[in-house]
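In what comes next, chain A is part of two complexes: it sits with chain B in the first one and with chain C in the second one.
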Partner chain A sequence: MSHFRQTVECWQCGHPAEHSLFCRYCDSLQRPTADYFRFFGLEPRLKIDAANLEKRFYELSRLLHPDRYLRKSPTEQQYSLEATAILNDAYRVLRNPVARAEYVLRQAGVESLEPRARTLDPALLAEVFELNEALEEFRGGDRSVRPALEQARERFLAQRGEIDAGLESLFERYDESRAPNVLAEIRKLLDRRKYVQNLIEQLDRELATESTDAATSD
Partner chain B sequence: MAYSDKVLDHYNNPRNVGSLDKNDPRVGTGMVGAPECGDVMKLQILVDEETGVIADAKFKTFGCGSAIASSSLATEWVKGKTLDEALKIKNTEIVNELALPPVKIHCSVLAEDAIKAAIEDYKRKRAAREALAGKAS
Partner chain C sequence: MQLLQIDFESHRRGRVVGIDLGTTNSLVAYMDGLRPKVIPAPEGGVIVPSVVSYNESGEFVVGERAREELIRRPERTVYSVKRLMGRGLEDVREELTLFPFHIAEGSESVLRLQLGERTFTPPEISAQILRQLKRNAEAYLGEPVEQAVITVPAYFNDAQRQATKDAGRIAGLEVLRLVNEPTAAALAYGLDKRRDGIVAVYDFGGGTFDISILKLHEGIFEVLATNGDTHLGGDDIDNLLLRIALEDVASEWGVDLSADSEAVQRLRRRVVAAKEQLSYARKTVIDFEYRGRRYQRELTRELLEKLILPIVDRTLACSRDCLRDAQLAPEKIDEVVLVGGSTRIPLVRSAVERLFRRRPHTELNPEEVVALGAAVQAGILAGHVEDSLLLDVTPLSLGIETMGGVVSKLIHRNSTIPASATEVFTTAVDGQTNVLIHVVQGERELARDCRSLARFELKGLEPLPAGMARIEVRFLIDANGILNVTARDLRTGKQQEVEVKPSYGLTEEQVERMIQESYERAEEDLRERQLREARLEADRILQALEKAKPHEAYFELSEEERARIEAAENELVVAYHGGDHLLIRAKIEQLNQATLRLAEMMMTTAVRQAIEGDKS
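Entry: the complex of A and B
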C-alpha cells in the first residue's frame, strides 16, 4: 500500500517526520496518512477505547481545521483539507465496531476471498427468505401475520445480540493473536449480521408505519 | 442511482416470478444471498428428464432492482438450455446485458450463483434417486 511508503521526512525542514501529522521539529503539518488507525495515532486493534477516540477526534478537528491554515503555505492548506476529509471518514469508520472490523478485514485482504453466497448457513438463508415472504404478505394487507413478525423481530434482535457478543470476543482474540483464521471467523459473523440487520430494519419500517401511535411507547 | 432501461424493463415486468414445487424430483432449487447487502434470491429450474433441457424456470428475489432484473434475465436465459449450457452463464454477461454499474456487480453474481445452486440441487436429487434405484434393482 502506497501510503506506507510515504516520505518519512518533513516536507518543510527535512527532519524525520515518523508518520505523525505534525513535524516534531518545525511543527508544520505533514501529508496525512490514509491509514485510519495511524491517522489517529492508534494501534490497529479491533477493540478500541471509544471515549479516547472521541476525544482525539475533537482535538484533531480543531488542530486540522482549514481555518487555522489560511495564512500558512499552500502545501499546508492543501494538507489540512486532505487531513480533515480523512479525519471525518476515519472517525465514522473507527467509532462503529462493524465498520471498523470491515475496515480491518479489507486492509488485511480478507474481503475479496469469498464474496459469494455459498458460505452462508442455509438455515439462516431459508429463515430470511420466509420472513421476507411474510413481510410481503403484510405489505399486501394481511394483518394476521403481525404477531409473527413481532416475534420474528424479537428473535432477530436476540440473534444480533449474540452475533455482537461473538464479535466482541473474536475482536479480543484477533488483537491478541493476529491470526488470519480469526479474521475469517469475523468475516462469517459480519455476513450473518448483515442479513439479520437488514431484516430488523425492514421489520422496524413495516411495523412502525403500521401503528405510528404505538411507536412512542417504545 | 439511475437504472438502465433494460433493468427497468425487467424490474417493472419481471419474467417468471413465482415458484415451482421444490419436492418435485424434476425441480432444482437454488437459494442464495449477497452478504454485501443482505439481499436474497431463490431461483428454480424444471428439467425435462428426457431431453435434459431446462423446460421452465421461476425466481423470487428480495433485493434491489438490479438483483430482480438479473434473476429475471437469468430465468429467461436458462430456459431451453441444457444443464451444461446453463452452467456456462457468467455474471459478466448479465452485467453487459443490463449495463450494470460496478457497485451492482454483486447483484449479477447473485444470479449466477443462484443458477449454479439450482443445477447442483437438481443433480444432487437425481443422484440420490439413482443411488436408490441402483440399490433396488
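Entry: the complex of A and C
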C-alpha cells in the first residue's frame, strides 16, 4: 500500500479533503481510506491499547454507520457503507494481536513461508508424528490414549503461550526500531504459531466429539 | 447542492413502521414519540396470524379470517410460509410431509405454491401479510405508510433475507432495513430496562430458533455472536404431537386421516390448544370430534416434556456454541431475555435458567417485543432515536468454491456487518473472457455441504494469456446481511461487469414483474375505492335534493333555474351508473353549482323561521 500524498477534492464542495473522513468545509462524508491504522487515526504500531481501540470503534461507528445516512444523498450512503465495512474489517484485524501482526507484515510485503515439515524444527516434527499415531488409535476406538492426547494438548497450549510471549517482545522491538529483520523474525514465529494452533484445534475437535457422547448419557 | 439535500430529506420524511413477519404471527409497530407501540388490527388484538387464503373470487384473505379458511378451504390457504422463504425444492421436501404446502408443478427453479387455480411464490404470499399490516398501520395512523423495517431470524441466510426484502417490495414497502429478531428484542429490552452489560436473547418462535449475545454500552447494541436453526420452533412440537394423535386415531378408528387436510387442520388445532394449556396446567385432554366420531387423550406436562426434550436440547446446543463464539462463560451473561411464543413452555424456561444460571426476563411480552424493537430501529433510521445504534453480525461464514470443491472462507461468521473481503481472480486458459465465481454460505469445508448462494460471472474480460488477467472482486455484506459483489480489472482500473445468478430465490426481473403486477392490482383497488367514494357522495347530494324539492324555496326558483337543476340531476344519475369516478365528481360539482341559490334560499328561510320562532 502506497502512502504518497494525493490531492483529493471533496466530492461535494470541491475543497481539498486531505484524507480525512469528513470534509472540514462542508462536513460531508468522504470516500474512505483503506488503511486500517490510518482509518483509526493510529500510528502503525504492533502494540495497541485495546480499551482505546474499542472506544474509538464505537465513536467511529456512531459517525459512519449506514443507519445514520438513510436520509442523506446516495453518494454519502455509499461512502457510509464502504467506510463502515472498512471500519469493521479494521477493528476485527487490529484488536487481535496475531491478525494485526499479519496485517503489518502483509503491508510491508513479508510473505508467509508456508510452514511445511522442512521449515519446522525436528523436535516439534517428532512430536507431531507421535500425535498422529495416537490420534489414529483414538479414532479407531482406543480410549486409553486419551490422557496422552490431553497431555499433548497441554504441551501445545504451553508452546503457544511461549510463542505469544516471544511475539510480545518482538512487537515492542519492532515498534522501537522499525527494523525489517524484526519483521522476518515475527514472520517465522507467526508461521510456527499457526501450525501449533491448527494442532490444538484438531485435538479440541477430536476430544470434544468424545466428551459430548459422555454428556448425553448422563 | 443544498436543494438536493433538502429534497432527499423531504422525500424520506414519511412514517417508518417496524414489522415482525413471523412464522405463526405477524405484528406492526411504530414510534409514538420516543416509545414503541404496537398497532392494533381492525378486528381487534394486535396479532395478525401469518395465514393467507386466496378465495374463489380472486381475493386474498389474511390473518384471523384466513385462519378460519384453513379448515374450510385448506387447498387455497397457506400458513408458516416463512419456512419456504429463500429455499429450493430440495430443501423443503422433508417439510412437505408435515405441512399442507401444495407445491405447484415446475417448481424446480423457483418454488411456487398452488392456491386454487393460481400459483404464487413464497415472497408473494408473505407480501400479502405485509400488505395487510401496511393497511392496518395506515388505517390506524391515518396516513400512507411506505417504508418499513422488517425483522428476520438472525440465522437467516442471504437467500432468505433477499426473499424477505423482495416480499416487502412486492407489498409496496421500501424495506429500509432487515433487522435480526433477537437484536430487535434486545433493542426494545435495552431501551426499557438496561443500559450496559452483556445480554443473551433466547428467541424460540413458531418456526425458528435464534440465540444472540450482545454487549450493551451507552446506547450501542453490539452483537458479539449469534447462532440458531431456521427450522426449529413451536411448529416442530406441534408436528410431533400431531403425528402421535394421528397414529392414535388410526389405531382407534381404523382410519388414516393424514391425507384428509380438513381433519388434519382440525386435529392440529386441538393439539396446539393442548400444548398451550400445558404451559399453565399439569395435565389436559386432547379432545377431537370429527364426522360423528370422537377421540380423547389425556396429555400430561410430564409426557410433553419428555417428548420435546430433544428439541429443547437442540436449542441448548446452539446456545453453548454461541457462548463459545462470544468467548464468554455462562456466568458472564448479566441478563437473559426470552422472546417468542415457545418460551412460554415451562421446560424451556427452566432449561434456559439452568444453562445461564440466572432467571430469565419475561416481563416484556414475548410476542410483541420483536415488533417493538423493529419500531425502535425504524425510529433510529428516521433520525428520531439518536443515541442508540445497532452493530449486528453475519450469522454464517461466506466463502468461495476453489479447486476440488474446497471452500475458501472470505468473511467469517459473527463478523460485524457491514463487512467486506477482496480476492484477486485470474484466468486458467489462454484467451478466457469470463470467470465464474461460486459463492457459498456455511461452516463446512466442502462447497457441497454449504449453502449455495449464487454464481457470479465476470464477463467481457480482455482475452489474455492464462494467468495474466487480474480481476479484484469485492464481496461486501451490507447492514441487512445481504451480499453485494463488485469487480474491478486491476490492469485497467475499470469496473468489471458482474452477472448474478442466484441459486435460490427470484431474479431481479421476476421481482420487478411481481411489483408491476401488484401495482396494477393496487391501481385497480384504488380506482374501485375512488368510484365507491364518488358514488357515496352522489348519493348524499341526490338524497338532499329529493328532500329539498317539496320545500317552498324550490318553488320560488325561476323555471329556468329548476330546469338547470333537473338537467344536472339527470346527468349525475347517468354518470353514477358508469364506471368513471372523475365524471361522477364533475357532475356532482355541476349539480352543486345549479343548486347554489336553492341552498341559500333554504338557509335564509330556515334562519327567518328560527328568528320568527324565537319571537313567538
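In this text, the second predicted complex is superposed on the first by the 195 of 218 C-alpha atoms of A that agree within 3 Å, B and C clash if a C-alpha of one lies under 4 Å from a C-alpha of the other, contacts with A are read in each partner's own complex, and residues count from 1 in each chain.
Here is the rule we go by: contacts are C-beta pairs under 8 Å (C-beta built on N, C-alpha and C of every residue); 3 or more make two chains touch, one makes a residue touch a chain.
What you see is a predicted model, and the numbers here were worked out from it, not measured in a lab.
*Asks:* Who does A:Ile200 touch here: chain B (first), chain C (second), both, or neither?
*Replies:* A:Ile200: touches no partner chain.
*Asks:* In the superposed arrangement, which partner chain does A:Val98 touch: chain B (first), chain C (second), both, or neither?
*Replies:* neither
*Asks:* Go through the superposed model and pick first if A:Ala184 touches only chain B, second if only chain C, both, or neither.
*Replies:* Neither partner.
*Asks:* Between chain B (first) and chain C (second), which does A:Thr84 come into contact with in this model arrangement: first, second, both, or neither?
*Replies:* It touches chain C, and chain B stays clear.
*Asks:* In the superposed arrangement, does A:Leu125 touch chain B (first), chain C (second), both or neither?
*Replies:* Touch partner of A:Leu125: chain B, not chain C.
*Asks:* Should A:Leu53 be classified as contacting the first partner (chain B), the second (chain C), both, or neither?
*Replies:* After superposition on chain A, A:Leu53 lies in contact with neither partner.
*Asks:* Using the touch definition from the top, say if A:Leu42 reaches chain B (first), chain C (second), both or neither.
*Replies:* In the superposition, A:Leu42 touches no partner, neither chain B nor chain C.
*Asks:* For chain A, what residues appear in both contact lists, the one with chain B and the one with chain C?
*Replies:* The answer is that chain A has no such residue.
*Asks:* Going by the contact rule set out above, which residues of chain A touch chain B in the complex?
*Replies:* Answer in residue numbers: 115-120, 122, 125-126, 128-129, 132, 136, 190-191, 194-195, 197-199.
*Asks:* Report the residues of chain B in contact with chain A in the complex, numbered from low to high.
*Replies:* 31-40, 42, 62, 106, 109-110, 113-114, 117
*Asks:* For the complex, which residues does chain C have touching chain A?
*Replies:* Within the complex, chain C contacts chain A at residues 1, 4-5, 8-9, 12, 176-177, 217-218, 220, 377, 380-383, 389-391, 415-421, 476-479.
*Asks:* Hey, which residues of chain A end up touching chain C in the complex?
*Replies:* Answer in residue numbers: 12-13, 58, 61-62, 65-68, 70-73, 81-82, 84-86, 88-89, 91-92.
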